[in-house]
Structure formats: C-alpha cells, structure tokens
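Which chain is which? They are A, B, C, D, E and F, in the order written, and residues in each are numbered from 1.
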Amino acid sequence: VCGYRPAERSDGPAFSGIRTFMRLPHVPLKSELDGVDLGIIGLPFDTGASFGVGCRFGPEAVRSASALLRPYHPDHELDIFSHFSAVDFGDVAIIPGFIEESLARIETAINRMVTSNIIHIGIGGDHTIALGELRGLAARYRPMSLILFDSHPDTYPDFRGHPYFHSTPFRRAVEENLINPARSILCGLRGSTFGKSDLLDPIEMGFDILNASYMHRITTDETAQRIVSRVGSSPCFLSFDIDFLDPAFAPGTGTPEIGGFTTWETQDILRKLAAVNIVGADVVEVLPSADTGRVTALAAATIVHEIISLVSLRMNNKAFSDRSEDSALDTGST
Amino acid sequence: VCGYRPAERSDGPAFSGIRTFMRLPHVPLKSELDGVDLGIIGLPFDTGASFGVGCRFGPEAVRSASALLRPYHPDHELDIFSHFSAVDFGDVAIIPGFIEESLARIETAINRMVTSNIIHIGIGGDHTIALGELRGLAARYRPMSLILFDSHPDTYPDFRGHPYFHSTPFRRAVEENLINPARSILCGLRGSTFGKSDLLDPIEMGFDILNASYMHRITTDETAQRIVSRVGSSPCFLSFDIDFLDPAFAPGTGTPEIGGFTTWETQDILRKLAAVNIVGADVVEVLPSADTGRVTALAAATIVHEIISLVSLRMNNKAFSDRSEDSALDTGST
Amino acid sequence: VCGYRPAERSDGPAFSGIRTFMRLPHVPLKSELDGVDLGIIGLPFDTGASFGVGCRFGPEAVRSASALLRPYHPDHELDIFSHFSAVDFGDVAIIPGFIEESLARIETAINRMVTSNIIHIGIGGDHTIALGELRGLAARYRPMSLILFDSHPDTYPDFRGHPYFHSTPFRRAVEENLINPARSILCGLRGSTFGKSDLLDPIEMGFDILNASYMHRITTDETAQRIVSRVGSSPCFLSFDIDFLDPAFAPGTGTPEIGGFTTWETQDILRKLAAVNIVGADVVEVLPSADTGRVTALAAATIVHEIISLVSLRMNNKAFSDRSEDSALDTGST
Amino acid sequence: VCGYRPAERSDGPAFSGIRTFMRLPHVPLKSELDGVDLGIIGLPFDTGASFGVGCRFGPEAVRSASALLRPYHPDHELDIFSHFSAVDFGDVAIIPGFIEESLARIETAINRMVTSNIIHIGIGGDHTIALGELRGLAARYRPMSLILFDSHPDTYPDFRGHPYFHSTPFRRAVEENLINPARSILCGLRGSTFGKSDLLDPIEMGFDILNASYMHRITTDETAQRIVSRVGSSPCFLSFDIDFLDPAFAPGTGTPEIGGFTTWETQDILRKLAAVNIVGADVVEVLPSADTGRVTALAAATIVHEIISLVSLRMNNKAFSDRSEDSALDTGST
Amino acid sequence: VCGYRPAERSDGPAFSGIRTFMRLPHVPLKSELDGVDLGIIGLPFDTGASFGVGCRFGPEAVRSASALLRPYHPDHELDIFSHFSAVDFGDVAIIPGFIEESLARIETAINRMVTSNIIHIGIGGDHTIALGELRGLAARYRPMSLILFDSHPDTYPDFRGHPYFHSTPFRRAVEENLINPARSILCGLRGSTFGKSDLLDPIEMGFDILNASYMHRITTDETAQRIVSRVGSSPCFLSFDIDFLDPAFAPGTGTPEIGGFTTWETQDILRKLAAVNIVGADVVEVLPSADTGRVTALAAATIVHEIISLVSLRMNNKAFSDRSEDSALDTGST
Amino acid sequence: VCGYRPAERSDGPAFSGIRTFMRLPHVPLKSELDGVDLGIIGLPFDTGASFGVGCRFGPEAVRSASALLRPYHPDHELDIFSHFSAVDFGDVAIIPGFIEESLARIETAINRMVTSNIIHIGIGGDHTIALGELRGLAARYRPMSLILFDSHPDTYPDFRGHPYFHSTPFRRAVEENLINPARSILCGLRGSTFGKSDLLDPIEMGFDILNASYMHRITTDETAQRIVSRVGSSPCFLSFDIDFLDPAFAPGTGTPEIGGFTTWETQDILRKLAAVNIVGADVVEVLPSADTGRVTALAAATIVHEIISLVSLRMNNKAFSDRSEDSALDTGST
C-alpha cells in the first residue's frame, strides 16, 4: 500500500485545509522521495507571456479548484490512489522577469523527480516552462514524443531576437533534440496568424498537425487513434495549453482563440490515451485574473486529474499483469 | 379564462416592477388559491451545501433573469397562459442553519399547494429541498416517479452521520417510499466520485441511470424516449440540478463538473417530455455568487419556463380533448 | 500595394498603442479616402435597447479585443491585407437619447463611405443602427439582400407606438424598400416571444427563416448553402447580432437567449460565404458591462475579422482574375 | 396603528421573499391609498445618461440591498414604522428611449401620491427623473426648495440642443418655477468641467453652492447648519445623486468623480436635517452594472432608509406634540 | 532562536508555494507542538450566517492575500519572528450544516493549543465560531475580557428559538461565564436594528460600548485608551469582525453596514493595544464571494499581521526585560 | 493659440471615438513635434513586477477612464488647454520580458520629448519604467529632484542579484546621479517590510521621508509645504505609484498596502504643488485585472489630469507674467 494519497473525508470538508492539489500531502522536493509515483509541481512563471499575463497565479487557482475532485474515476472504473502514490511538491522557486534562470530551476526540479522515478505533472505558468521540463526529463528520456493540445504550435523562431518565450519552446526542444517530431503531434491549432509560415514551419519540422477545423470534423475516436498511433510506445510528454479549450470553457488564459473545444470533447479524447507512455505532463497558461466563475481553473484541475488517472491506470495494469514490462519505462528510448 | 398571468407590456418595460417570476402576480400562499393552475415557489435554503454555498439567493436571481422571458413558446406553438393560470407564491420561510425545520416548512407549503390542485415549481436552494417537496406531494402522490437531471445522483447514504444534506435526498425519498425507483431515471451523472459505490448504489436501489458519457453518445431523441418510457403515465417529480449543464453554461453552482451539457441539448430533451405527467418540479443549486454574466440564472429561468410550458401544454391538450382523463391526474398511482 | 494595414510587430507588442481595430491606421472619415477598400466604423448608439443597455461601449471593447487578431487567415490561406487596404474611421458622433438624429448621422457617415467605394463594417451599438446603415448604403444599393444572424427577427411593428427601436429596424427597412425580403434570410431565431405573430410576421413579409431549432439539426454546410443560394449575387448587407451566439459564448449582450450557437459553428458558416457580395456589414449588441472574461468582445472582434477576410478574399480573387466583373459591384441591382 | 410596515422576522429570513424595499408591502399605485404616509417608487429611466448607462436596473438593486435594513434607527432612537406607514409602489411604467413621455408618466405618478398626502422617495434611474418628480409635486408645492447632494450641479442649459437630459433638470425646474433657488442649496460639487460657466451658472441662477473642496474643510455640523438655514421651513425636495459619494464608496454610477465623500460623512449630515420639511425625495444614478460587491446599492438603500427616518421622525414629533401644525405641511408655501 | 518562521525569499517569490498564512510552516495540530508561540488556525464554518453566506472560504482567501505580508513591522520597529515562533495549523475539521458539532471541534482544537502555551489566531468563518474558541480557551482563562471590533454586538438572545448563530455568541459566552463584561468592550456598533433592545441588551449585560457614531467623533488615541483601560491586564480575547470596516474597505462580508471605519483608523487603534494581554484572537466574517479586488482579504490578512505583531511585541519585551512576569500569562485570572 | 487640445463636444459624446487620453490628438512620436507643450506617453511594461502583474494594460485602462475628464479645472480656475498644447503620443514599443531593452526604448522616447521641449507624463507600467524616464530626462536635467508618492520606497539594492526591477529604480537613479536625494522626498511609505533596512536605506541615501503614519497625523497643507520646500525650484520628476492610495480607492495594483490615502487627500496635496518645476511625471502600477468598478483607472486618469493642470498653470502664469523666466526651465540645474 502507498503512503501518499489525498486527505480523507474525516480530515475535514473539501473546502477546508491548506490548498494542495486534491488535498495530497505536501512534500518538499528536497525530501526523501521514496514511494512517490507521481508529483504535482507548480511552475508559476509568466515572463514569457506575449499578451495577457499573470499565469504565476495559475498553480494557486488550479490547486484551489482541485478541492472538488475525488479519488475514484468512474469511466476508467479506477480507484486512482489504491496502488499509486502521489504528492504535491509545491512550486519551483522561479525568478519572475528572468527566463533563463527560471528555466534552469525548472530543469533542476524535474531532473530531481525523473531520476527518482517520479512522473511529474507541472501546473503553469506560461508555455515557456515546457522547455525547462523537457530539459529536465532529457536526463532520462531523449528524445521524447510530444502530444500538444494547444491553439498555437509554439514553434515560432524567436521573439524579437530572443530565443525563449511562450511561443518558441517546441522549436527549441526540437533543436535541442529533446523531442522527436516524427513521433509527435500538435492538436487543436487555430486562430489567425502572422503569416503562412506560422503553421507551415511545424509541418516542415516534422510534426503531425491536427488543425481545429479538421478536428471539428472528425470524431474524438479518430483524434485519439491518430494520437496513439503517432506516439506509439515512446516516452511521451503531454503538454496541455488551456487555450485548447474554447474561451467559453476557459476564458482564463492570455491568448484565447474562439472556435475551440469543449471540456467533454477534451475528456473524451484524453480517456482514450491510456496506451500512451506518459513520462511527464503539464497544464499551462491558466490565467486566474481573466477567469470567471473559476471555470478555467476547474477545467485545468480536472484535466490534471484525467492525466493522473491515465498514469495510475497504466501503472495499475502493469502492477497486476506484467511488472517486467516496467523496465520499458526506464529505458526511455523510442 | 384565467385570472393570473404575467403583467402586460403596457404595465411597463420588462426591466421594471417588483421582481416576480416572469412578472406573474405575487399571491401569498395563505390566500385563497382558487383558479391557480401552477405556482412558482422559492425555496431559499442552502444549509445542505457541501462545497459552494449561497443558493439562498437563487430564487432572487432566477426571478430577476426571468424578466427576459415571454408568454409564447414558438416550438410548442403555445400561448402558455391563454388557458392556464400561474402565480408566484414568494418564498417558503425556511430557517437557515436548520435542516429539519426547513424541510418541514417546505413540506407544509407544498402540501398546501398540491391539495389545492396547484402544480408547483420550486426554485432552490440546494438539493436538500427536494425531500421536503416530495414529502409535501406525498399527501396526494405516493410513490412518484423521478426524473433527475444532475451530475450527481444525490443518493449518498449520509453526510458524516447525518441523514439530511444535499447529497442524500433521493436515498431518503426511496426509503420513505416517496419515489419509485423502478419508474425513475437519473440523467447526466458524471465527475469523479469517492468510490465505486457512489454510482453503483443508485443502480442497486433500482434507478435507471444515464451517465453523461453515454448521453453524449446518443441523440436527444433517444434520451427523451428513454425518459418517457421509464416514467410512463405515473405522477412524476422533475428535479433539475443546474449542474447538469456544463460550467460554461452554468458556472453559478456549488459543485460544478466539467464535461456537461449545453442549454440547447437541455431544451431539446425537455421539449420532448410533453407526455410526462409532471405533478411537481424544481430547479435547484443556482448559486448567484458564482454566476458570471447572469448566464446561470438565465438558464435556470428558461428551464423553469420550459417546464411551465410542458405543464401548460398538457393542461391545454386536456382542456380541449378529454377533461375526464383529468381524474388520472388525481389518483397519483402508477 | 496598399497604404493602410495593421501596425507591424516592430511597432510594439500587440497590447500596446492606441486601440484601433486590429491596430489599423485611424483615419478621420472627413479625410481624403483614396485607396481605402474597407473601413471599420464604431456606432456607439444604445438608446434603442429594450432590456440590458450600454452597447455604447461596444466599439471600445471590440477594438480592445481585436489586439489579439493577426493578419493571416489560415483557413482561407489568405494574407488579408496584401492586396487590400483597411482603416479604422473611429466612431460616428451619434447623440445618445435621440434616435432619429443618431440614425441620420449614421446614414451620412455610411453614405460618405459607400460613395467612396469603401465597404464598411459597423461595430454597434444596438441593432437600431442597422437602419441608419441601410439608408446610407441605399444611395448605391437598393434594395439589398440581408443576411441576419440573430436570435430575434427585429421585425416588430413598433415599440409602444414609436417606429424606431432595436426590435424594428428590418421591418422599417422593408417598408422603405432598403432590403428585398425575397433575397434575404434570418438565421438563428429562438427564444420565447410575445405571441405567434412575432415569428409569423417576417415570414409574411417574405423573409426566409432558419429557426435555431432547425439549424441545430442541419449541418453548417446546409446552412451556408441555404444562405448563399438565397442571396445569390445581389449586393448584401450582413448583420450579425452577437446574441446569435449562446450566452456561454457571448454573455455580454442585452437580450440573451439560451440554446444558441457556438463560435465554431459561427466561424464554420461564415467561412463558406465567400461567394456572397457583401457591400456592408455590422456586428451589434455587444454589451461590455455584461461581458465576462472578455469572451463576447473577442468573439465579436473575431467575427469582424472573418467578415474582413471574406471581403478581402473576394477582392483578391477579382484582383487576379477579372477586374471587369467589378462593375457588377457598382450596379447594386439584384 | 398603521397598516403598512415591513414583513416580520417570522415571515422568513431577510434574504427571502419577493424583493420590495425593506420588505414593505407592495401596493399598486392605482389602489386605494388610505393610510399610507410614505411610498417608495422606482423610476427606472436612464435614457438621459450621458456616459455610463443602465440605471434602469437601479431600483432592483436598491431593493435587493435593502433586505439588510431593519426598522429601528439607533441614532434617532426611532422605531420608524411604529406610527408611520410605508409601502413600495413598484415602478413607474416609463418608456425607455423616450424622455418626454417618461417624464409625463413620472409626473402623473408623483401627482397621484402627493394629492393623496403621501411623501414619495423615488429610486432612479438617471437624474432626468427629478424634473418629472418636481412637476408632479408642483400640484401642491410650488416652488419648493431643493437640497441637492451631487458632484455635478445638473444645471446645464441643454444637451446638444435638447432640453431634457440628466445634466439639465434643475435649470428646467427653475425656469418652470418648480424650485426656488433662493431657498435651495447644491452640495458636493466637484470634478473637472467643460468651462467656467458650469459652476458659475447655478450661482447666477441664485443657488447656494457648497463645493466639495470647501465641504472637505468644514465640519458636517457646519454643512448641515448651512443646509437647514438655507431651506428653512419651506417644502423641500431632497435629491441625492449617488455620485456625491466617492467612487470607493459608490463605484456603481455613470459619471463618477474622485475626491468625494464617505458614507459616514453622508449619514452624519443627513441625520442633522430632521428640521427640514421634506415633501419628496429621490436617490438617483445607481448603476448596478458598474457596482462592485453591491456597496453602491447598499449605500443607496441605507440613504433611502435615512430619509425615511427623517420623514418618520418629523411625523412622529408632530403626532405627539402638535398635530395642528400639520396644516403647514399642506400649504406648501415658503 | 525559533524554528518556525516564514519561508525565506530564496525559497521562491511571494506568489509561489503552497498557501499558508505568510508562508509559515504548515504543522498539523496533532503533531508535537514544542517551540510554537503562536498558531494560525482556519475555522471555515459559516452555517451560522443569517444573510450573506460562504465564509467557509475565508481562511483560503486570507491565506492567499497574506503572501503580500513581510516579517518586519516598521511602526513597532519589530522583526516579528526574530524571537517568536509561529506556524499555520491548517483548518479545524468543522462539519458544515451542524453548529454544535462544529463548535465542539473548534473547542477541542483551541483547547489543544492553549494547553500547549500557544496563542491562537482564528480565521473565520462566521462569528459563531467565537463561542467555540472561548470555550476552548476557558480551560485556562476564565473569564476573559473581550475586545470586539464589530458593527453588531452579536448578543442577540437567540435565532428563532435556537441558541447558536452568528448573532448570539457573546450572550452565550456571558451566560457561560467565559467572558467578563465588566472588563470587555464592544467597538464600532452601527446600523439599523430590529429594536431598541438590540443595543440596550449588551449595556445591561455589563459591556462597555463604543458606538460608531461616537467613535467617529473621538480620536484613535481616545479609543485605544478606552479599550486599554477597560481590559487592563486581564487575559483578553480580541475578536475582529471584518464588518467593523466600512464596505468600501471590506465589501467581502455577509452583513455589511455603511458608515464604518477605514483600514488606517483600524491599524492606528490596534497598534496602540500593545499593553493588552491577548491570549487568543480571531478575524471573522470574511466572505470571498462578495469581495472585490481582494481588498477585504488583504485587510483581514493585514489585521492578523497586526495582531501577530502585538503578540510578538509583548513576548519580545518580556523576553528582554522580565521573563518572570510570564507567570502572569499563565494564571488567566483578572 | 495652440493646435493640440481635446476633441470638442461636437465631435461626439465622451464615450465615443478612438481612446486617447482625454481625447487628445494622437500624434506619433516620430512626427514633427512643434507646438507641443506636453505629451502623454504610455509605458506598458510590467516585467519588473514582483507580485501582481499585468500593468501592461494600464495605459489602455487609464485612457479609457480619461474620457470622463473635462478641460476646465475649477479649483485652479484654469482652462487647461487655452494656452497650452498637449497630445497623446501612444505607447513606447517596449519588449515584454526584457528589462534592459525596454528601459533603453523608454529612455530614447523620453529623450526625444525632452529635447523637443515637451514635458511628458508617462502612464505605466510597473515602477521599473521610472529609471528609463529619468535616463531620458537626464539629457537635459541632471540631477533632478524627485517627488515620490508611493507606499514603498523602491530603493531596494537588487532583486535576487539583478539590478533592475520595480523595487530598485530610485536606488539606481541615485547611483547614476539622475536624482539628487537632498532635494527629493518620498511620501506615503507604509506596510510591512523584509527588514529594518528597507526604510533606513533611503534615509541613508539622503532622501526625505514622509511615512504614512506621520502623514496621517499632519494636514495636507503641511505635507504640501514640506514637499515644496524640499524640492524648491529644481527641475523635478513627480512619480505617482497608484498604491499610494488606499486599496479601497485603488484596488487595481500589484502590491497593495492597506492604511493608505484617499483620493481627496491626494488631490488636495497635488493642487498645492503649483510652485514645483515639474519637468516630467508618471503615474504607475495601475493593474486593470485587479481593478473593480474602474475606480483605480479613474483615480489614475484624474491624477494625470491634476498633473497636467499643474504644468499648464505654471506655463500660463509664465505666459502672462514673465516669459524670460522660461530660461530657468531650460537649465535644469539645481
């Protein structure tokens, strides 16, 4: 049995207590990390935001909304924490205003986790942070596949001459051989762009692309199938920009685009990704100051819950069927 | 011809006047009640709320939003109040902080209405109130069928040892033989739970269940058909928890769950329930302090309008075709 | 090459600078207007609003949200401003509280534009303004076809004896022979009405009608096809009332109706209207004080962007294929 | 003993019931009006607003906030309704968009009240309504004195050639001999103006003026003394524009000016006006869509409560000391 | 040197990390409590609220706002935590909807703290909780003096026959001999009441009263002096209802009253209470759903900070001058 | 006569038109600048914010609120633009995320203005921008005196090793000899600090300090007198951090401190600074996403208006009395 799971109902009502994600134990990242399967980690960095800014308060808002989440996932018929252990590591001590130092601190934290066999789910923060996460994971998995849910590809060449910003992380990640575009897929792209290259570039870089217009015409089964067949069994980083959702479902984000997806479509796709070998994930660009009725924070928290469930499901299956397969998790090679 | 109908346009613009539901006449429940077919009744009780609280202001918000509603229903081609009379009875004098006394007062009020041949539509308040309503209706109809639109089954065994709370009313109602699960259906269930039993329990109690995941895959026709065939001609209590809607459509509620339904889907289902013998109804869990842009209140008010229309439609049909059938309404037997 | 296009990225970040639509040059309407293909014009009039009021701040909010829009339209593969020139003319100096004077000023402004071969897109303002726009366009195009996206037909006979209000513009427009109902179509009608005539009247006036209930059952292709075949090549005024959208997608409007449309459905329909000969357009009833998370303003701004793209697309095609066809644009006859 | 007083606590908690002012009985203005001393009347007109608009929802908001008010006034040691009777007459059926017709309807309603010996307190609505009220009162009291609390004098000559708007009522009232400037005082004026005449004009018209800058330097005693000595025993109309308060205390108004007054200062002044012969009053320019945390509505409701208390106090004193003095109330002469 | 103090700046920016009060260490109340001088404890109970409800989220909001607070108090020239140790104990596991059980749990928690020589500061929650705190403290201090900052005396006899509610705690406390009215003072009372007795009762019970009207006329020095001389050296419970502040400074509360106090006046009074022997304190009635711009939460957090400083100051003075006086702290007798 | 002044009333109502400050003409900074006395310049930079972030939208919000301002200042009896010319230069093209580049761009823009004899008023933006402004002004005035209204001194040594941030500009400015502390004064300091040095440092650097606690005890006359005598006739930079105001008056800022000042106190002080030789000014730290009811933006806009008035007043006086004194303005020496 695992040591780390959410507080019990007898520990007080859901609205009480110090806000950790799903009322999981708060364990400092510098502690002994034995027996932890998954760690939530806040990445409150937002200096890379080009328009709306303030995602530094994203982790707080997502933790607050997560009080509504419960440990059983009916669609997976999964008691998430029965054979699976998770903690909330708090936030990485990023430095607002300073991108490179902050990326280095994120990298160090993720590195600490991945080398302790802990799968992390980062809560952003703007999308710049993904580069720090990928660098941290690279100690073990290189290159990874990427599943991106986002209305923007975030593969711009630069930001007015600067390499790091929330629109560039995945181009940098390809250049640094952190991700393998041939096993990666970008889903939900939409909205006006500065020019034709904004959407051509990622195709030329080798990514598979599912534009929103196309996704709106196919079924969630087809989308999920396309994702699964693209990434196969490779170690995969799943990055979820909350602006994948339509602004009606997620107004709280800095560069919203109309014509997006519902929370149901999102959950329906995610639940079909149980075969994916997720080695790390994040949910980013939650901007509480633009949120209304906390719907964005709740959507983000529930998506984290869906991802935890996928990871737990995969671990549980392995736990009961074939533990030797476990070694595959460790190699990280595609 | 009926005496009670909404104010005329010549009585002032829709935004003027004392706020009653749809500008219906405000008649105290202790008055003579002759000639009233339907009564709106506010049930501003929220002590049973487990997370977000403040539904005591729900009736005020729904009445305010109802100023936008008009007396003709185009899809039913129905002039709602042409042969049908409705009033706003104001609110039941519940006692905040005290569940059992409040339930008793609700029971008394509904009893007064049902014994005067008045169909009521309650505006909540948290879902605890449904038990008071069902007890009040039981003077005439026992057991009733239940149509529940809700993301939660509200059939928990208890709340930390206490029998009454907003998660338990329908278990109590079954135990008290107020509702007959074999003719009842719970629609829209979704979200994480504390354990497997949360969803198995209502099935074992005999309810028919339509999970949200399933409903998202079938048509609104199929859902409506399933509901109609389940309840048949039995006297039916229709209970609509506003969290059936997705938080994008109804952020103003205390325990929201993403992955829900649109207002269009809801209207489309409701409009197909004209065959149902509604003997009482409520719309609950409207939490104005979490609402944004009054969309939740407007959705709730319009759903009340849809239910009024169903009741009026059924009465009108009877009025013109076969008044002797009316006796069936009085027996309350299934 | 054209002189008027949005500010360059080197002119500063998208959130900087004086707010014009899409950072287009602000040119006073009294200037020389050579070389302008399209003009954005604010029409901040709201005295005709029957319920929620304050659309006078609509143009400001839409301009603010438009900072997020970029000059390339991926679905049309269109660099909007490469062969097409647009400016922001600021607002017409309407007189709040005085309908007829304000209509006259709107008419004058639109007349100035249409006689300078400039296609205008008005940003409202309540729907009363459409009558002023149509009168202004009539100097060149009479009668026009009308494509209306709206939850209400706005064809009421009068408002308590007064001819001009936000529910009457299109009845007046038919009476004044500004629009030809036989080539016009009203899309998205829904919500309760005061009586049967509210929806029968526009049919009797000769309009084609797509009720929301019907539109929800057909595809966006079918809707677009019906619109295109209705209006043919006639000069067309496209009027978009933001309450066409569901309140979840556009809470910021004065007379919202649930059961509406998503932004994706809207974009999908609009993008199929490239064959329509748009000679003027507006987006109206944006009420910032009821907006939340600026989603309504962003939806409105993006819809303006979609309409600009349609106009640019049609001009570009003509520019490269058959400029002589241009004369058709000038006759305005159906 | 009087028939009309607020609902009892046993009628339900303060947050329950149909919203009338202070839970007073709602009596239609066309009823028999015997035994009513004071009537609350909503005047939801806002077509005269020059900037922020939407005061049509002011009466609803003030009634909602008034649920917090109770019937005993500790500072006056007054049980307000013990010998004093008050009702809520609902709203006048004004016509949005049409100033002169609306003024006529207001005049008729106030006339009905004043000729029935009922003192009215109007809840606005924009300040244009004051002219209608004064015309209605003039049937009995002409000219009246005016006590104005406002950051603007509302004595502009016209609005772009139109006589009626929310900046002109008191100039019209002087021209129509409704008020006598020599016994009137304008308190709290501040903010930038269009020119020197904006503040000189009312002085030339004969008003006494207390600029905010001056009021900030004197005591509340001095202000109250100056008011009382100015109006003497003449029949007095007290008009309170909520923008007298600083925006921190009343953000919900259409033309706010910083540098204003606190609610305490306001209450302290009002409580010293017991000697004033108030024959009618209003609280205007409450704009709920700009309110935050309902502080403006609460301030407005409490100010109405203070005015009711002044009227009750004066009646009570007369009731116990010298009823023959009552005739003075009826003459209306100064 | 003490073990427990706020996180260092090097632990990350103020907006990062799990939200404890002032980033103090979170220590479960069931741990060993050696070396803790002061404990913050959340009391998220709101079933006793008579109007606005939702103070259950008060502790979360106050903790969130406290991130802005720093460890040095310039006016006291005090490095708060240099010789003083504080922790955040999280929240008491109250049971929403059930007053007596919740009071018992609060009593147990406070008892645990006081018997461990830990001074507590409770964060409410509605004012009902004060009774639980006083009962918990009574194990050591009985009776205590009370300093109450509040717009209401909270000494009602009952709530519709029930003894416990947020308007009754201090009457119960007197009846139970928990507080000694002769050494207690109620400050800031204002607002309308149900009758004369509401304010006479506490006087008859023996409390000293400072009405708001009176306090507005005297200096903060005089108020502080009156408080200090009233309570003397007796063990004192300081209870701060946030509605002591004016709604402009604290809109986020359930029963606001205009005419209140500024934050500056509040700080100025509190800073002069260093002589008071505070043995426990709370800040209550923070209602986040009614807060705007987080000003109420920030005011509440800063008031907690002021109280911590008072306690630290007193301990520091003792630490340096006369530790033997310490025994006086333990006797609790007046 | 001057060419540049606000739009006339006949140009449309105050809520219409492209939003420039006070509807002044928008002139690009690269144009010919003859005949401009004062320029408004937006400085939408916020990467230096340590807590709440998003001041990049400050200029937009302040311009929007400025629509309520009018050209005559009653207290100064000044027709501001009668002999004085002002424009809105739009925003400096700062680069979000990059402090040093942004400072350089600000410096360049201010330099362009000062060398064209234009007094600038910057609208922030976080306080980091002040360093850029001072560097730009230094081409002509070095060192300047500083009048700072702020709750923080902004004289921290560094931010985690980095020299530039919103807490350090005035230390850098002293080090760079841009300002002369001996002729400078910091007003309104309050709030908890990290340590004793935070407030001792500026004293040691030579600044005069008016803590909030002290300012609350003296009159506005005394404060103004102290400021005026401190700066004398030296060229002065007036920097107004909106957090000088209490959060009730200015909730929309990133690091608010309770216990602050009212808008009236602020205006009263500013109006007494007509003798000060203002050569540049800014109003900073306006955070629209935390603003409520636009009170912060209105306060900021009105403070800009007060500063414009001071500059105009001084110029007017010179214009009529002694133009030769003008040369003093040019020397910039103390």
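Observations, loosely collected:
What we mean here is this: a contact is a pair of C-beta atoms (placed from the backbone, for glycine too) under 8 Å apart; a residue touches a chain by one contact, two chains touch by 3 or more.
Small disclaimer: the values here were computed from a predicted structure and weren't measured.
Between subunit B and subunit F, the least number of touching-chain steps is 2.
Superposition on CA atoms relates subunit B and subunit C by a rotation of 120 degrees, given as a multiple of 5.
Centre to centre, using the average C-alpha position, subunit A and subunit B are separated by 39 Å. Residue positions of subunit C with contacts to 2 or more other chains are 10, 13, 15, 50, 56, 95-96, 160, 246, 248, 290, 292-293.
Taken together, the touching pairs give a contact graph of some other shape, not a line, ring, star or complete one.
Every pair of chains meeting the touch criterion is listed here: A-B, A-C, A-E, A-F, B-C, B-D, B-E, C-D, C-F, D-E, D-F, E-F. Within the complex formed with subunit C, the residues of subunit F that make contact are 10-13, 15-20, 26, 42, 44, 56-57, 59-60, 63-64, 88, 90-96. Within the complex, the subunit E residues that touch subunit D are 50-51, 160, 190-196, 198-199, 211-213, 216, 246-248, 251-252, 255-260, 290-293. Those residues of subunit C that touch subunit D in the shared complex are 46-50, 52-54, 56, 95-99, 159-160, 162, 165, 289-290.
The touching residues of subunit D, counted against subunit E in their complex, run 9-10, 13-15, 67-75, 77, 79, 246, 248-249, 262-264, 267-268, 292-295, 298-299, 302, 305.
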